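Structures are listed in the sections that come next.
Okay, so subunit A shows up in both of these, paired with subunit B first and subunit C after.
Right after this comes the complex of A and B.
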C-alpha cells in the first residue's frame, strides 16, 4: 500500500460485505415468500422484505463505492487522503443511520416510521427504492457531500488523471441526482419523472462512470497496459454511456401519462445503451489480451473480466430485451424486469465492487495477492455466484415470458394471481439458485480467512 | 499454419473481417456476411487475414444454423400458439446469440494483435 490513508477502505469494505450478506438473506426469504406466502408472516411481510432487500443493496454498494474511491484516489493522486478523520467519522454516521433505518423498516409499521421521523415536515417517503425516512435522506446527503469534499480535495490538490476525473464526475452526479429524491410533486406523472431522475440517472448514468473508472484502474494495475491506451477507451465508453443513458431515461416514461414522443426517444436512445457495455467488454478483453504481465492476483483479473461480460449481459442484453416501446407495452413491470434488474445490478455494480475488494484487500493486508488457497476459494465463489445469478436471470426470464403471454398477450387473459400460480415452478427454481448464490457468498467471505501457500511478489512476464 | 510474416494490410484485413463478423451477428445481418465474404475473396491462404475471414464465416454459419434452425424447430415442434414455446425460444435465442457475440468479440481482439483464436502449440 503506497499511502497509509488508503487503508480506510478496509472498514468500508467490511461493512459492505456484511450488508451484502443481509441483502441476500432477505432476498432468499422473499424468494420463498413468492411460493410460500405466509413464510415469516407477520414478522417480516413481503413488502418489508423487499424494501430491506433493495435498500440494503443500495447502501452496501454505496459503502463499496466509497471504500473503492478511498483506496483508488490517494494512489492515483499521489498523495494522502485530504481528511482521513472525516472519512472515518462519516463511515460511522452512515453505518449507524443505515442500521437504524433498516431496524425501523423491520420493527415498526412503515406509516409509524414516517410519523416517528417527522416525514410530514418534508414528505419524501413512499417511493420504491427511496423509502428511507427524510432524516435518513438528509444523512445520506451529508455523508455524500463530506465524501465528495474529501475525495474532491484529494484529487484537486494532487495529480489529476483521467480515471480520477471520471470518478469525480460520477460521484458528483451521484450526489446531485440524489437531491431529486427530496422533491415529491402531487402530480403522479411529475412525481415519476423526478423519481426516475434519481433511480435511472444513477444506475444508467453516473454509476456507469464510477464503474468504468474502477474497472480501468484495476485493469491498469493487473495488466500493465499503457495508461494512455486505457484512458482513450475510458473517454469513448463514458461518452457513449452519457449519450445513450441520459435521454434513455425515456424508456421509463412510456406508459405513465407522458407525451407520445417519449416512446420514440426512449426506444431509440435506450436501444443504444448496450453500446457502452459492449465497448467495456471489448476494452477489458483487449487489455487482458495485450497484458504485459501475469499478475499474481488472478482472482482480481477474473472479477474484472467477469464484470465486463456480466454487465454487458445484464444491463446491455437483458435491458435491450424489453426496452423498445412496442415490446415494453407487454413486458412492463413483469418478471422480465426483475430478471434484468438482478443481472444488471450484479454484473455491473456488485461485481465491480468485488473486483476492487479482490484487488485491494490483499494489499491492505500487506500482500501482493491473497494466498493460493484463498484465491482458489475466491474463484470458486466467483463461479458459484455468477452461474447462479445467470440461472436466477434465466428462471425469471422464463417466468416473465409466461406471465406476459398468459396475463397480457393471450386472447383470454388470466388474472395476476392465477398466473402467479402457473409460474410457481420458476420461483422454486429461482429460490434454489438463490441458495447457491448465498453459498457462493459465504465461500467468498471464508476465502478471506483461508490459510495457504503465499504467492509472494512474483509477476511473470506474459509471453 | 499461418505465415509468421504479417504486413499492415493483412492486419487491417484481419480486423475488418472480425468486425464484419460481429456486425453480421448484431446490427447488419446478411450485409455483414457479404462484407466478410468480400474480404475473404481478397485474402490468400495461410495468411492471418485469410484465417480470420474463414473463422468469421465459420462462426456466422454455425450461429445461423444454431440460432435459426433450432429456433424454427422449436416453434414447429412446440407450436406457435403455445406460451411454453416462447419461453424456450426467447431464452434460448438470447443466451446463444449472446454467446456467439462474445466469441466474435474475443476473435476481434485477437485479430487486432495479429493472433489466431488459439495460440499455436
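Right after this comes the complex of A and C.
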C-alpha cells in the first residue's frame, strides 16, 4: 500500500460483503416464496423480501464503489486522501442509515414506515428500487456529496489520470441522477419516464464509467501493460457506452404511454448497447494476453476477465435478447426481464467490485497477493457463484419463454397465476442454483481466513 | 488498435459523443413531456386518483405486481386489471378486501391491508385511470396482462 489512507477501503469492503450475504439470504427466501407461496407469510411478505434484496444490493454496491474509489484514487493521484476522517465518518453514517432502513422494512408495515418518516411532506417512497424513506434518500445525498467532495479534492489537487477523471465523471453522474428520485409527479406517465433517469442512467449510463475505470485500473496493475494503451481502450469503451446508452433509455419508453417514436429510437440505440460490453471483453483479454508480468494475484486476474465476459453476457447479450420493440411487446415485465437483471447486475457490478476487493484486500493486509490456498478457494468461489448465476439466468429465461407463450402469445392466453403454476419447475431449479450461489459466497468469505503457503514475493516476468 | 487511432481521438469521441447524445436525450425529453397529454389520460387525473396513487406507493404494491410492465413479476400485471375485472371498480375493491389475513396455505397471497372504503375507492380509481393510459399498440398484448 503506497498511501496510508487507501486502507480506509477495508472497512467499506467488509461492510459490502456483509450486506451482500444479507442480500443473498433474502434472495433465496424470495426464490422459495415463488414456489411455496405462504413461506414466512404474513411476517415477511414477498414485496418486503424483495425490497430488502434489491436495496441491499444497491447499498452494498455503493459501499463497494466508495471503497474502491478510496483505494484507487490516492494511488492514482499520488497523494493521501484529502480528508480521511470524513471518509470514516461517512462510512458509519451510511452504514447506520442503511441498517435502520432495512430494519424499518422488516419490522413495521411499509405504510407505517411511510407515516413514521413523514413521507407525506415530500413523497418519494414506493417506487421500485427507490423505496427508501425520504429521510434515507436525503442521507444518501449527503453521503454521496461528502464522498464526491473528498474524492474530487484528492483528484483535483493531485496527479490527474484518465482513470480518475473518468471515475470522477461517473461518480458525479451517479450523484446528479439520483436527484430524480425526489421527483414523483402525480401523472403516472411522467413518473415512470423520469424514474428511468435514475435507474437506467445509473446502470446503463454512468455506472458503466465507474465499472470501466475500475477494470482499467486493475488491468494496469496486474498486467503491467502500458497505460497509454489502456487509456485509449477506456475512452473508446465509455464513449460507446454513452453514445448507445443515453438514447438507449428509450427501450424503457415502449409501453408506458410515451410517443411512438421511442419504439424506433429505443430499439436502434439499445441494440448498440452490447458494443461497449463486447469491447470490454476484447480489451480485457487483449491486455491480459499482452501482459508484461504474471502477477502473483491470479484470483484478481480471474475476476477481471470474468467481469468482462459476464457483463457482456448479462448486460449485452441478455439485454439485446428482449430490447427490440417487437420482441419486447411480448417479453416486457416477464421472467425474461428478471433473467437479464440477475446476470447483468452480477456480471457487471457485483463482479467488478469483487475484482477490486480481490486485488486490493491482500495489499491492505500487507501482502502482494493472498496465499496459495486462499486464492484457490477464492477461485472456487468465483466458479461456484458465476456458474450458478448462469444457471439462475437460464432457468429464469426458460420460465420467461414459457410464460410469454402461455400468457401472451398462444391462441388462448391463460391467467397469470395459472401460468405461474405451470412453470414452477423452473423456479425450483432456480432456487437450487440460488443455494449453490450462497454456498459460493460463504466459501468466498472463508477464503479470506484460509491459511496456506505464501505466494512468491515478486511476480515473474512473462516470457 | 492501430497507432493511427490515437488516444486524443478516442477522448474526443468520448466527450463529443457523450455531450451530443446527452443533448439529444434532453431534446427528446422536452418533446415527450410536451406531447404526452394526448396519451397520459390526464383528464381523469382526479384528486381521488392522486390519493390512490399515494396509497399504491405507500403500500409498496410494485414490490409484487407490475404496472404497465414495470415492477415485480410475482403477482399479476395491474395496468389493465380494470379491463380484466370487467371494467368494474367494485370487483377490484372486492378482491383487495377479501384477502385472508393469514394467506392461503401453500399459495401466494396478497396481504390484507385493512383499507377503509374510501381508500379502496381511491385505489380502484387509480387503477381505472392507469387502464385509461393509451399505450403503444394498446400494450399489454391481451387481457391477461
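FYI, the second predicted complex is superposed on the first by the 462 of 463 C-alpha atoms of A that agree within 3 Å, B and C clash if a C-alpha of one lies under 4 Å from a C-alpha of the other, contacts with A are read in each partner's own complex, and residues count from 1 in each chain.
Rule of thumb we're sticking to: a residue touches a chain if its C-beta (ideal position, glycine included) is under 8 Å from a C-beta of that chain, and two chains touch if they have at least 3 such contacts.
Just so you know, these numbers come straight off a predicted model, no measurement behind them.
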Problem - First, second, both or neither for A:402, with subunit B first and subunit C second - result: first
Handout entry: subunit C versus subunit B, contacts on subunit A by residue
Key = C
Handout entry: Interfacial residue positions of subunit B with respect to subunit A in the complex
Key = 83-84, 86-87, 90-91, 94-95, 98, 102, 105-106, 108-110, 112-113, 115
Fill in the blank from the handout: Residue positions on subunit A within touch of subunit C in the complex are 33-34, 36-38, 41-42, 45-48, 50-51, 110-111, 114, 119-120, 123, 125-128, 131, 162, 184, 186-190, 192-193, 228-229, 231-233, 235-236, 238-239, 242-243, 246-247, 249-250, 253-260, 262-263, 265, 329-330, 332-335, 337-338, 407-409, 413-417, 420
Completion exercise
Note: in the complex, subunit A contacts subunit B through residues 278, 281-282, 285-286, 289-290, 309, 313, 317-318, 321, 394, 397-398, 401-402, 405-406, 410
Completion exercise
Note: in the complex, subunit C contacts subunit A through residues 1, 5-7, 10-11, 13-14, 17-18, 21-22, 24-25, 28-29, 31-33, 35-36, 39-42, 45, 49-50, 53-54, 56-64, 66-77, 101-109, 111-113, 129-130, 133-137, 139-145
